[in-house]
Structure formats: structure tokens, C-alpha cells
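One chain, chain A, appears in both complexes that follow, with chain B as partner in the first and chain C in the second.
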Partner chain A sequence: MIMARAMTRHRQPEPLAVLPEYPGGPLSGLATTRGKHPHAPVITDIPASPAPPRPAERVAAVEDLHVTFRRNGRDVQALRGVSLEIAQGEILGLVGESGSGKSVLGLTLLGLHPARTTTIDGKLEVCNQSLVAATPEDWRRLRKTHMGAVFQDPMTSLNPTTRLGRQVSEVAGSSAEAIRLLNAVGIPDAERRLSSYPHELSGGLRQRVMLAMAIAGPPRLIIADEPTTALDVTVQAQILQLLRRLRDDLGMAMLFITHDLGVASQVADRIAVLYGGRLMEIGPAGEILEGPAHPYTDGLLRSRLTLTTGRDRPIASLAGEPPDPTQPPSGCPFSLRCAFVWDRCRDEMPAPTVKPQDTTGSHMVACWRTDDLASSGQELAGKWPAAPSAPGLAVLANNVTKAFTVRKGFRTQKLHALRGVSLEIAPGEVVALVGESGSGKSTLLRAMAGLLTIDSGSIEFGMPGHAQMVFQDAGASLTPWLSVSTLLKERLTRADLSSNERADRVRASLATVGLPAEVASAKPRELSGGQRQRVALARAIAMPPPMLLCDEPTSALDVSLAASILNLIGRLRRELSMAVLFVTHDLAVARMVADRVAVMYLGRIVEIGPVDDVVGNPRHPYTRALLASVPDPGAKLTTARGEPASPLDPPDGCAFEPRCERSGDDCCLCDPTLDLVRPSHTGPARLARKVACLHPIAGVPRIPGGLPTDRHEGDD
Partner chain B sequence: MNPLTFIARRLGAAVVILVILVAAMFTLSHLSHTDPAHAYLGAGASKSAVAAERAKLGLNLPITTQFFHYVGNFLHGNLGVSYRTRNPVTQDLAEYLPATMELAFYALLLALLLGLMLGVASAGHWRGARILKFVMVSGASAPLFLLALLGILIFYGHLGWLPASGRTSMPNPPTGPTGFLTLDALLAGRFNMLINALEHLLMPATVLAIGPAVSIGRVLRGSLVTVLREDYIRTARSKGLRERAVLLRHALRNSVGPALSMTGLQAGLLLAGDVVVEQVFAWPGIGYYAAQSIPVGDFPAISGVTLVLGLGYVLINALVDILQRLADPRVRI
Partner chain C sequence: MAMAEPFVTRQQSQFRGPSAKHHLPVSLQTRLREGNRPAWYAGSLLAVLTGLAVFGPALAPHSPLVPAGAAFTPPGHAGFLLGSDSIGRDELSRVLYGIQTSWFSALAVIASGVLLGGLIGLVAGATGGWVDEVLMRFTDAFLALPGPVLAIAVVAALGPSLFHTLIAVGIVWWPFYARIVRGEVRSLAARPHLEAARLSGASRWSIMTRHLLPGALPAIVVTASLDVGNLILALAGLSFLGLGAPAPAPELGAMAARNLSYLLQSWWVPIMPALAIFLLAFASNIAGDFLRDSLRNT
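Let's turn to the complex of A and B:
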């Protein structure tokens, strides 16, 4: 139970500036034809539902909103005529790829757009105040009394030099109220936390603090801009649940911005899809997820990986990239990437209209060909060829340990990043390494790349040549002032090649990763995020390495780009028969790329085995918790308690014990070792399913004569 | 960094700077053509007297031995005897130093305050920021002595608002316990005296402060503008705080680091300017003392003054480093 609904308002009740109020009634029927925006939609009947939301229920509304920034002498048209409403108590999920204008809409509603360079046009209303002509002071009062905000990066969103107590009380009004709010968002030991600084808290706790500040008041509208993107899946699931609970208890409305439809599906009542600064589709969350009416929504859903996506063929990714906001297409913004494009699409911009089959009028789509889409089936890509296998091992890591020395005040402490990890990978095999942040995934990868020395144990490579690495942030790993061809040629210097042969190699590797030859003369900063990641891959394979080490190469990319990079890795490993070690925090990604998966927790592998086996039938409670946190549409999130223990001071016994739902009395005494799940394992030893748990989850029992759920013999 | 390492490094750096200063003073006194024995005995001394004095002062010993004596004397707090006043230099310094310390203290305080005002006002686009900036920048671009003379001309000569020389114009100034006239007056309960001392301080302190204040203000403005783009500033604004509260409560503390470093650097300039300003305002401090010692080649006095100024510089910078650490809890000692 959290706060009572009638929580006293501690924000000083400031008189609101008297603003010209909207002339009563909803924004419906205000047909606008603006000379300035030739493609602005003629808005008719919003919403055309039988029971339009009463004005009292509407917390925020924008109509034909245009937001333009001036940047480097050019106009960036971030929003080009967006109309939507947010009702009291509803969570509206705002979804779209990077650069589609989601954050701009959120910041504009908050009045936090950069004042000097922005032009705002159209109608904008929050809590019955029209805000188009509002002064900064009007907006400030509105934020103070009626709005709250949570932003993406909890690491940078709190003031690093001010105690949390002060930061929360500043908006709560008193320390007592601050403690109440911190309790309400589930911060343990709230009173003691008041004197902490942000850097002393984990990311999840910091985001809870942000939430505590956002709900002070309580506000009528919260803008949450990707509040869980920077968090681990387990923590993300916790925060999503918390958001819903807060909304249920306090009844505020929320604009929930995310690039992931799966995340939106977990919290949103309605979903709005934005693309190229235009609204593509809006409607009840269930309808949009089950029957997307717009080709873009459909494409987003198809590129999205779930725990059930077919693994035997490439992902149906959405090709291409969003339009340049300085020169938006005059027709449908999606026409450049749409498989259904018609001539009309390129010339005329479709406005959101009620989906034909929809009787409630709540589901709207901006597409000329909605009807045709409904009847068309998507053809599937061809299946992957079988991955080549070769004898021997690509790498053999044996009982690797690594501790970093960290300084804390006067003392130095050991941070145990790897606490005895053994792993074998065969040539041509892909192994995914999953786990929460801090579990040691990247450390193991860097140790294999030879980027750091290990304390004990051994790492041996079975084949000549160096392992190559691909990082999460491709932009940072490519020298900005060198051209792509120079960057690729660097990798060829050791080979005995003439300069012609080198140029050929550069062209060939660019072609292999699906980049046009012109890219060779470009500098990294002139490329998009997805292109940069491809260049990083081209560089890694310019001299085909025996092994590729990937550190979250897709986690900074939009779903469609991520899907295309995963497809690329899937193809490269087969063509070049490389061994791949792929670090990811996302089990759905791991399942797509890998043959086997190793789950890490606090510097150890706690479960390992063939990926279908592990995902379909987790034995370790931690693996199950990770799986339950994956936000798939339709899946009900259950979350792991708490956050990982500190690697500075690993608990005695099983490291997962403090969070484990199955723990018994012996768990805090006895440290489980990684043992075979089935003692009678046959076949190559490295493929065996292993788990480190004293009370593992029982396997799915075989149905006599039924479907073999388990390929291996002998179940426990 | 470990706090012990931090303190050890600070001390190490301070010792190195002081040793260099001592070596420089020693070299300078030997390069000059002034014969200490001669200078000490006066122009009319006989040859034999000078020779005897040279032997007594150890001037016939090898130069390295002399250097070790020189350093040894320093370490014992023996700075020699002034040729001019015939007093031990330490005694002279004790007499003149408090006046300089008081002036430097107020000048530095004023520089910080003015710099803070200038930085905050121009980063926050406050009203009057431009005028403030214009006045301060024009002040800072004039040579120190000109500024001082102009100040005297206007505020003393023309308007008659402020006194032009000395620390006080009242009889029987208090002589202890701190040597800071303002503080001693306050302790003695003599408020007229306090006001009078402050009036005397105002002009020289302002003249000294204005250059450093502009530098501090510029650096502060730069870091404030950067900090104002941070995510946590957006958070503060999303809470509906007034812009002033955002600036002072959230941005300022995260921006003072570079401004504090600048204050440390500017302390050196301020101490150098002190010699000129004390001369113009007839301020009885060590700058004044040095100005009288230089023309007669009074090397023990000059070395003493140099050493004290160097020590002051090192101390101020050590203080700045510690303050910077305190401002950021992430590197708290």
C-alpha cells in the first residue's frame, strides 16, 4: 500500500497565471488549413468516437503541433502537425525510432524546449491552459503544480553534488514528505538515504528517486522519457510495475516515451506511433499490438525480437532509415521505406483517420492503403543454411579470475569481476553471454581480447590469428578524423598485400556488411549509427578473424537497425565460419544469435547450455527471473527482487541467495558449483547443460509418447 | 586519489616551490654588484672593517658552503639583517606583514564576490549583467597604477568620499591581537575605528581585485553555461523551480571548480600587484617595505619579502585545491 490518494499538496499552491482559456469543449472540429504548412492535415472530427472524452477528463492535448528548431542555419522540423490527447489517469505510450520526435513532444509539453531556437505552432494545452503564448513563468508554475518528469539516464539526471534529501525535499516541501515519497517508490531505508549522494546508489534506485520527485504533489501529468532504457531488464520490469502501480494509486496521466513496443505494451493503455514528426497510428494498446494498421507499426513489431521469434531464418527487419528532418518528404514520411508505397503516397501526406473496421473510433491510422495491408501476408525470408562446424576448439578459458583494485576513502578494496569462469567455444559456434550489468560479461570478453591480464586461470586459442572486437558504441571506437577506407586498411597492414589488393579488400568487406562502396571515403561522423556499426564489423572482418568478440553491438540501436545487424552477424558467422562470443543483456537477442547461452551472475557462470534448452526450460532461478523480465507484448512481467549484490563483497554461499525465491537454509552456507544437469550427457562435453544451484528448477516432464520437449535422454 | 597521497603531493609541491625561490634569491644576491658587507657598514667604512665584516658574514667561504648556510639560516627562521633598517628581517616582516595580509585577504574576497556576481549574472542573462561586465572589463584592462591614481583622483580628490593613504586616519589604532585592523577594532569594540579601516581598505582592495575578478567571472560563466546544459538541470527545471534557484542551487556548486582554480592562479597576480598598490596608497605593508628595499639593494629584506609572498601563494593554492575537493562529494577526502 502506498500513498493515500488525498495526499496533502506540499508544493506551494501558487496561483496560476490567468491565461486565455480554450473556448470550452474538446478540440474537435477545428478545421485548420494553414498557408504556412501546405501539408498540414485538415483535421476533422477528432475524436469521432461516440463518447468523446469530456473536457474535464482531458489532461493534455496538442493539435496540429509543429515544432521547428534552427540548427546550423537549417530548420529541423521535429514535429509536423501532431494531434493527440491524454486523458486523466491514462498512460499513453509514445513509440517510434530515434529522431522521430518523441522527446521533442515530451519536452514541449513540459515547456523545456530550448527557447531561443524553437518555433512552436499549433495548439497546445495542459490542464485546461492553452500554452501556445505562455511565458516561461506560466510554464514553470504549471510544472510546479501539475507536472512531473522522469528522464532516460538516471546517472546524469540527478545533481551529483547535492544530497538526495535536499533534491527530493525541494519538490516535496519537507523531509517528512520526502521520506514518504521515497518509501512510496520502494526505496529501502529511505530515511538513511536522505543524506546519500546520487553516486552512492545503483541505477535502479536513482530512477526510483527520480520517480519520487516526479510524483511529489501529486501531479496530474507525468512525462516519462525512456525511463527504463538505461536499466537492466530485471530492474526495468520492476520500474514498469512501479509506474503502473503509482498511476493506479494516484490517478495521474502519463506520457510514456519509449522506442520499444514491447516495453510500451507492458504499461500503456493507448499507444501512439510517431514517425518523421508525424503521427502514424494511435489507438488502444491491445489493438495496435495485435492488429497494427500501419505498415510502419507492423514493421516495428516484426523487427522486434521476442522469446518466440523463429530462430531458423533472418529477422524480418525494416530496411532503411528515417527521413532527414531538415528535408522531410512531402508525402507520407514512411514512403521511402514502405513496401506498399503507391504514387499517391509520395505526393500527398495522409492524415490520421479512423481505421475503417473500427467501430469505437478510437483507433486511427495515417496511411492511404490501410485496407490492403490488412489482407496482405508478409512473406518470410529464406531459412539460414546450417552453420558449418569444424573440429577442435576456437577458445578454451579455464577457471579465469580477475579482480580490480578500487579505492574507497583511505582503503583499497578488491572488486571481484570474474570469480572462476570456464568456457569452451568451437570454431563456427556462437555463444551468448547474458546477465545484468556488473556481472562480468564485458570483463570476460576483454580478457579474451587480450585487453586485460587475468589474475589466474588460462585462456588458450585453438587457431592462429587474433580475435577481433566490436563494441556497443561504434562511434567511439572509430577514429573520427580518419576515413572509412583508412580505418579498414589499418587492419590490412600486417598482411602481405599490394595497395590494389588492399583497396579490393576494403571494397569487398564493405560489400559483405552491406554498405555501398562510396562509404569508403566518408568519415565516421557522417554516417548513421547503424552504418557505423556496420563499418565496425567490416573492420573486424577485413582480415577474417578466427573469433569475433561482440560487446552489446546492438543495444544502442533502434529495433530495425538492431535486427539488421543481428542478421548480418548471423550471415557472417556462417560465411566466414567464425566463432563468436556475443555479450548482451537481452535474452531475446541472445536466443536469436547464439547456439549456446551462458548466464552470468556476479562473476560466475550460473547456467549454460543450448539456447533453446535454456530459454525454454530454465533451471537456475536467476535465468528464470531474467526470462520473466523480458517485456514481450502479451507476457506478464514477474520480476526478480532487488538488485545484484556488490562485487566488492560477494555474499558467502550462493551469490544469488539474497534475491532467490527458492533459497533454502543451505544456500547461504554452501557455494554451488556448475554441475551437469543430466549426469548421463552424451555428445561433445562443451554442449552439456550445466547449472550452479542447490535447488534447481525441475525440468518439464516428458509427456509419454508425446512431443519430445527435451532432446537429451534421462531427465531429473 | 587517496587523501594522504593528495596531502603529501600538495606538501611536496609547496616545498619544491619554496626551495626554488630560495635558490633564486641566493643566485640573485650573488649576481648583483652590491657587496653585502659594504652595504651593511655604509659608504664610509674602511677597507679593513669591510674585510672583517666579510669574514664575519662568511662571504669568503666557498659558494656551496655559503648556499648551505643560507638555506640553514632560512630553516632556522633567520632571514638576516636588513642593510637599511638594521633590524632583523623577521622583525621587519612581522611589523609590515599584517597590513599586507589584511589587504590581500579583502582583495581576494572582493575578487571572489565580484567574479561570482559577474559569472552568475552573465550566465543567467540577468538584467544589468552587461553594464557590470562593461565596467569590470574596462577596469581590468587599465594598468594597475593608472587605476589606482584615477581612483584617488575621483574618490578622494574630486568627490572626497574615500581616504587616499594609509590603513587608518584615527589616533591610537589597536595593535593586537591579530594585526588585522578591522578585526582588532571589532574585538576592541571600536566601531568608528572599524568603519575608518574599511574606508581605507576599500579603494586599494578594489583596485587589486578587479583584474582577478574579471578572470574568475569569465571562467565561472563558461563552466556555468556548460553545466546548465546538463541533464540534472533539466530535472531541476522540470520540478518547476525558479530559474534563479536552478542557477544558484543546482548549477553553481557544480561550476565552481574551474573558478576556484582560477582564483588560485590569480592570487599570484594579486600579490605581484600588491607591491604597486601599496606604494600608491602608502599602505604600510611588505610591498611598501620591498619598494624601499629594492633601490638600495637590501637583499636580505628583498629575499624575506619574496619568500613570504611565495609562501602565501603556495598556501592559497593548497587551500583552493582542498576547497575544490570539498565541492565535489564524489572525490571527498
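Let's turn to the complex of A and C:
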């Protein structure tokens, strides 16, 4: 809604008078050939209500598609018999963990696999053209006229040395058309942007440029491969809304590839779930999310965190890891991890059939035991024990500031990463730091780790020992040429231990994080992503530290793996009484792991308090905007407009004022301090609810479902 | 150890359950069974070259210095497998002796370059700040020295011998290694695994030797293997100026260079030593590639 307002404002200079030239109306408005028409058509504003998918012809279809790569002398069977169709004007969400083959399907539909090492079998049809035996020239022509693509990292898809104007005009055919396209995807001040280089734009704007290039033409089919994964939640919500709106305006079909069922639920009309190169389940989005018929979909949904997941017990995570694509199982690929597994599942591969209860015939599932899934209840894990607490403080940060010097041409500028942050954490307490990228949350974490020196203020630790850190990219944080045991033993060099005791300690800490002892002799490269993060945790706890610093340790992992790592952190902090500072951009994750949450914006904490209190009853407009951007299935996305202000030049007043819907005249004049929400708060001072806002939100109803509070009741 | 014990039995099964199924990827098992093939290839190739250099003189049928027959005998005639040179010395024997001289000279210069340059580059890259600044300007000063002129100066001061020439070449050779190692180390030092190592309490020495140096090895190995050919030719140039091994001594570069004038009438006299240089450079390049692959794989 805010988004829509922002869009209209940006697009006002657009000459709407051109419309009558296109009597076909807005839906056929862009139906010209790409790049040929000098007076390119206009994309008009369409009411935000989703257009029902037209029962139209299919745009793309694959049948019994097999894709095999030759890699290092082995056959990687990426897709093993997938059949699905994409209808005109439909968004098909393709969901799966990494290695499920979802990106391979996207690239196959684009014809972008290297022909020399790829074998494609089966039926493959795009825009009524059979393509299994197509030449590169056929593919090129098809891509040019009928297809568009958006990938995860727009920086690698855009040419860094060429101005955007030239890049977009090349696809659009003329610079006038380029401006129109950039306006259509909501890029403010599009004409001026034509002379920018890609690196001068934020991630969200770059992805919009990619979209502008993808919709030039317009195409009949867009392949979007994780287009929002690298973006902040608020920007992600904007892009998701934009995708739906473009589809409604232009009527093209879209294959939306994502690892996140929540994201898929926000855009897709239908959802297809892929696992081990096989289609597990496909059907209308609502039905899949409400009544998953496959144990894998069910597991994915349960290990996905939402703002209402019960936080008093471990998350129901899917055990195990996906099968090796070079040696796929002969039966159901999920049989290795499935709780419902039968002998038949291991021997025979089930084909997708219509779900028994489904009358429309649109909901298909490939499972021998789907009936039993429907009748089974959810088995809950035991509750967490109460977290231990101890007197004193683990860490006390007082008014910490940090500015980095950045060079821009001949000028140097100060980038104000931390602008006065105070935070105290008790022993055994978990505090989550939440915010968009650039909010300074990682800088604070690294300052606490001692990895950078602060400009002013102080950070004091209340307990002996050095804080340990777990990084986002566990693979990069492990020295690639050293074995796991060498890395773990390094933590023990300061301890007075014999070499036998050290080996025992290594084995014990690997066991604690749930890894077999053989891992000790492995190199990081030989481990999977989840195993690497476990090794990083094992290294941190080989000598139990007083405090663990976590820098988005799960954001690079698949949902099911992320859930198991979060459970592990939850268990470790209780067993070892560690204080934890957990940086994340995801409030749902913060809610699961933390006792308290601190929301950061542009180098300051803008709201802090017990996590249930903050999530259930946000007082700062920014917290509310973050919460509204979480793509939960069933939740309606509303988005904060715009993107964070630049830390190079922080505004004088409240930093959130330019994006804030509640801002008053005083907001741009007076910088609010972090004040108690209710001065009558009793209990330890650090648990108080504080907010830095001149016009805080009051009286927002709590999220229904009654969030459990385990340790401290909030001040409500 | 207390922390390894379960604190809630119910949850133990949940946590340990999945981990029991954590298998190492198959690729690891097969790789171990197959052994590290590139390393094996590289090792055996280098062993063959060194063996040839060590035992070459023992295999030589004639003396490399004394004429053994008619001059300019073509290969395969009168017992000269590779022919004879302008005064009737056996080409084969001279090449075998020459391989020894050239190979060990090249190895010595490269080894000293890697050691000295590597150490300076490692310290500069790992420490940064003014240490880096001072060490690298020192390196730049050496880069500015003209090689042949320095060699002439050294030989003039110490007297003509191959060893003195090697010292001169070594002095101008190490700065390249210092720059390469420093660059590699600087880029490695910006990676998270360095921060992680520092946080886990690794000492400065262990950070340099364990977490930085192995990462720079592939670049060092590739540069060194490419340098073998360059060095043999550089030494040949110096011997041509009379700065290398004194005249009758067999040295591949000098043999090829001095006999170039016989190329049209008796091609084997300059070609045979040139071929030997080519084989040495080629083999060391291949070995370097294999070695780099095996280092990358670890």
C-alpha cells in the first residue's frame, strides 16, 4: 500500500496521453516486438488486486525432463524426470533446497547450459517450440523475442563498465523506451539514472534495473532465479509486489525460483516443490501451504520460521541432507529423510498423481504415503529448559561510535557505521541485533569481537575469556587447507592440555555439535554447508567462551539446515551458559533465538526490549515496517518505502524520518534518544523496553496465538 | 567432559539422530582411495629431472672437455649418439654434464629467491602498516638493479666463477617472489578465515605459517616452475658475456648460444643443448602445474 503510493509518485512525469495509440488496453499494452517500435508502449497503473490467472494457453512445458551434467568424470543427475507446465500469465513458484535442481530447470528453460557437458532428455517446449534439439541460434532468437531472466545477484548480471542507459537501451531499443521501462519498475528519477554505473545503485535498484531489462519487449516468460535472496526484507517485499504488479500489467508468465516457501507464497499462483531432481508436489499455492500432501513439503513448512512459531521448544527440523546427485537413490529421493518411509518408498519411485482429496485435479503429489501424512498429528519436540542466568554482565557497551574513512575520487568521506550504541548483555542471555544492511549491526559485532577498534565509547567484558564468533559464510571462515582437527586444536593452544586430552576435546566438541568423529580429518571443502557451520560452532565451543557472537550464521543455509543450526545454538547456549549476540536481518529468526531484541537503524539502536514484547507490539515505525515485510505464508505484505539513508551523510533529525509514515514536523529537526517506553518498568534495568521515536506507536494489538514468554513478562 | 553430556534425554535423540546420518561426501572417500594424483605426477617428474642431473655424468660415455673423435660428426655416427661439436667433443656427454650445471643452478637461484623473497613478502603482507611499507620499498630498490651490470660488478669483485654469477642473479631474482607472496598474502589476509583464526587464539607465527603461507604456495610454485626456463636462459646470457661457468665447462645455455653460428652446417651442435633446455623448462612447467593442482586440492 505504501509501495503503491511510492510508485505513483515516481511515475508522475510519465506521458499517459500515449495510451490511446494502443487500443488493446493495458494488458496488451506492451505487446510489440522487442526493440523495434520507436514509440514504445506505456505500462499503465493497474489496481493492486491480483488478476486471476487466465485459463490460457501454456507458455512453457517440460515432460519427463532429464538433465545430466558431466562434472569431474562423474554424471551429476540434476533433473530426473520432471513434468510441469506454465500457463500464460501465471507465476509458478519453484521451491526446493540447494541441489534440488530448481536452478537447473530455470537454466534449461533458458537454454543456457553448456551443450558440451550437458545431456537433456525428454520434452522441452517454450512458446510452442520444441527445443530439445534446438540450435544455439534458435535459443538466441527465442530468448530475444519471448523470454526474460532475472538472477540472484544483479551486480554480476550487469556490465560494471557500461552506463545503465546503454545497457537498458540495448535491450529496449531506444533510450526513450529505456526510461519508460525504468519508470515502470519504480526507479526514481530514471532519466538521471541512465548515466549511472551499476555500482552506484543500491542492490534493490540494481534488481529493478534487471527487471526493467527482463520485461523489455515484453517477453511471454520470465525466469526469476532467487531474485530477492540477496536483498533486505523490506526491499524484498517491494520487489515481490513489483513482480506481481508487472505480471498483472503485462500478462506474462513467470517461473519464480526460490528456496523459501514464504517468499513463494507471496508471489506464486501455483507452487512446485522439487527435491533430488524430482517433482514432489505441485498445486495451487494456497492448497500447498495449507494442506501439504508430501512429507517433504510438510517438513519444509514446519522448519520455516514465522512470527508465530512457538519459541519455547526446538524447531521441528528435517533431519539429514539431500541425496548425492551423482548417486541418486532408486526409490523416492526423500526416502532417506522421511519419517513415513516404507519399503516401497526405497524401491519404487512414485510418480506425481492427483492428490486423493483433490477434486479439481490441479494438486499433484508424488508420494506413496500421502494418506498417512494427512491423518498424522504433529509430534512436538520437548520444551527447552529454562536458560541459566547469572548475576553480573557479560558485556557492557557504552556509547560506541565507529566511522570508516572511504575514498571517493580525491575526496575522503566518513562512513558513520555506529553512531552511539549502548548495550548490555547478561551472562547466559541471548540478544538479537536486527536491521537492514548498512544498519551497523555487523560493525557492532566485530567491534565486540575486537576485530576493529572503536572511535569512542567503551566495550567492557564482565567475564574472563575471549568472545568467539560464528560467521555467515562458514566455509570462508575455515582455513581451506587445514583439517578440522587442526582448526579445533588451535583453540586449545592456550589451554594446559596434553596432546591426548586435546584430541579428546576435539572429539567431544564435534560430538556436541552433532558431527561424527571422522570429520576431524576432513578439510572444510569436503563438508556440506551445514557441516561447516557445525564445525565453526565446534571451534567456538572447544574452549567454552563466555560469549558467542553470531553474524547471520543461518542466512546462507537452506531452511531445514538453518532450523537445525538454530536448535543447536539454542542448546549450546543453555548447556554452556553462554551470552550470545546474534546478528540477523530476519525478525522471525531473532524471535526464535533471542531473549531480547535490539533493532538497529543507521548506526543506532532504535528499539530494544524483550523479544515477544517487541515483535508482538512494535513501538518504532521501523520495527513495524520490518515486521510487515516478513514474507510469512498467509500474511499480507506491506512494505516500507524507499531504502535506508546513506551512512555517509546521516540526516540531522531522526534517521528514519524520510521513510517514516508517522513522521511529524519535529522529526527532521530533533534526533530522538532511546527512551523508556514506560518509566514504571520494574525488574533489571537492561530488560526495560526502550524506543527512540518522537511519535511511537501505542496500542497495537499483539499477534494472535498468544506468544509464550519463558523468562520475563514484558511490560504489557 | 560435562558439556558433551545430554541435558535432556528426549532432545538428545533429536539432536544426535540426524548427525548419525551425516556422512562424508563420497567424493572424499574416492579421492583418498585414488590418492592425490597431481602431486604424484609432479613428484615423479621432478625426481626424473633431478635423477638425470645427478646421474647424468655417470652415464656420459666420454669426457665433456676432451675431444673424442672427428669434429662435426653427425648424430648416430662413430659412436656419437648426438654427434660431436666443433672440436670433436661428444655432444651427449656435454649435454648430460650441462643438464647437471643448469638444473642445479636454476634450482639454487629459485630456492634462494623463494626463501628470501617469500619471507620478506610474508612478513610485509601479514604485518601491513609501516613494516609493509619499508620492506616493499626495500624490495623496489632491488628491482631497480640491472641484472647483468650487477653480475659484472660481483664477478669483478669476487672473480669469475659460476657460484659468483649465481649470487648476482639471486640478488636480482628474489624481489619478484617478495611481491608475489605479499600480494597473495594481502588478499588472503582480508578473508574471514584469518579473522576467525585470530579470534580462536592463533599466535602471530601460526597465522603467518599456517593460515597465510599455504595459500600463497600455488602462486609461488607456478612462478618458480615458469622461472626455470627463464633462469637457464639468463645464465646462458651471462656465460656468453664470460660471466658464467668458464669457457670449456659444459653449460646448456652457453653451448646453445656460442654454437649458434654452426646452425646451418651442423645443426645438432646448437640444437641438442637447446633441446635439453626446452625439455627442462617444459618438464618443470608441467610439474609446476601438477603441483599447483595438488595444492589447490588440499
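A few notes on this one:
As a working rule, the second predicted complex is superposed on the first by the 643 of 716 C-alpha atoms of A that agree within 3 Å, B and C clash if a C-alpha of one lies under 4 Å from a C-alpha of the other, contacts with A are read in each partner's own complex, and residues count from 1 in each chain.
Keep this in mind: a residue touches a chain if its C-beta (ideal position, glycine included) is under 8 Å from a C-beta of that chain, and two chains touch if they have at least 3 such contacts.
As the structure is a computational prediction, the values presented were derived from the model and not from experiment.
After superposition onto chain A, the partners chain B and chain C occupy separate space and fit alongside each other. When both complexes are overlaid on chain A, the residue A:141 reaches chain B alone and has no touch with chain C.
Within the superposed three-chain model, A:493 lies in touch with chain C and out of touch with chain B [touch as defined at top].
Greater residue coverage of chain A by touch, when chain B is weighed against chain C, goes to C.
By the document's definition of touching, neither partner reaches A:503: not chain B, not chain C. Using the contact criterion defined above for the overlaid structures, shared-chain residue A:197 touches chain B, although it does not reach chain C.
Looking at the shared chain after the overlay, A:213 reaches chain B, while chain C stays out of its contact range.
Judged by the touch definition given at the top, the superposed model places A:415 against neither chain B nor chain C. Legend: residue contacts after superposition of the two complexes on their common chain; A:156 is shown touching chain B, with no touch to chain C. Between chain B and chain C, the smallest C-alpha to C-alpha distance in the superposed model amounts to 7 Å. Common to the chain B and chain C contact sets on chain A is no residue at all. Residue ranges on chain B touching chain A, taken from their complex, read 2-4, 230-232, 234-243, 249-250, 253-254, 327-330.
Residue ranges of chain C in contact with chain A, taken from their complex: 1, 3-4, 7-8, 10-11, 14-22, 24-28, 191-193, 195-203, 206, 210-211, 214-215, 295, 298. Across the complex, chain B is touched by residues 11, 110, 112, 136, 140-145, 147-149, 151, 153, 156-162, 170-171, 197, 199, 210, 213-214, 216, 223, 407, 409-410 of chain A. Residue ranges of chain A in contact with chain C, taken from their complex: 72, 314, 317, 319-321, 324, 326-327, 336, 381-382, 385, 449-451, 466-469, 471, 473, 476-482, 486-487, 490-491, 493-494, 504-505, 508-509, 511-512, 514-516, 518-519, 522-523, 526-528, 531, 536, 539-541, 544, 564, 567-568, 571, 574-576.
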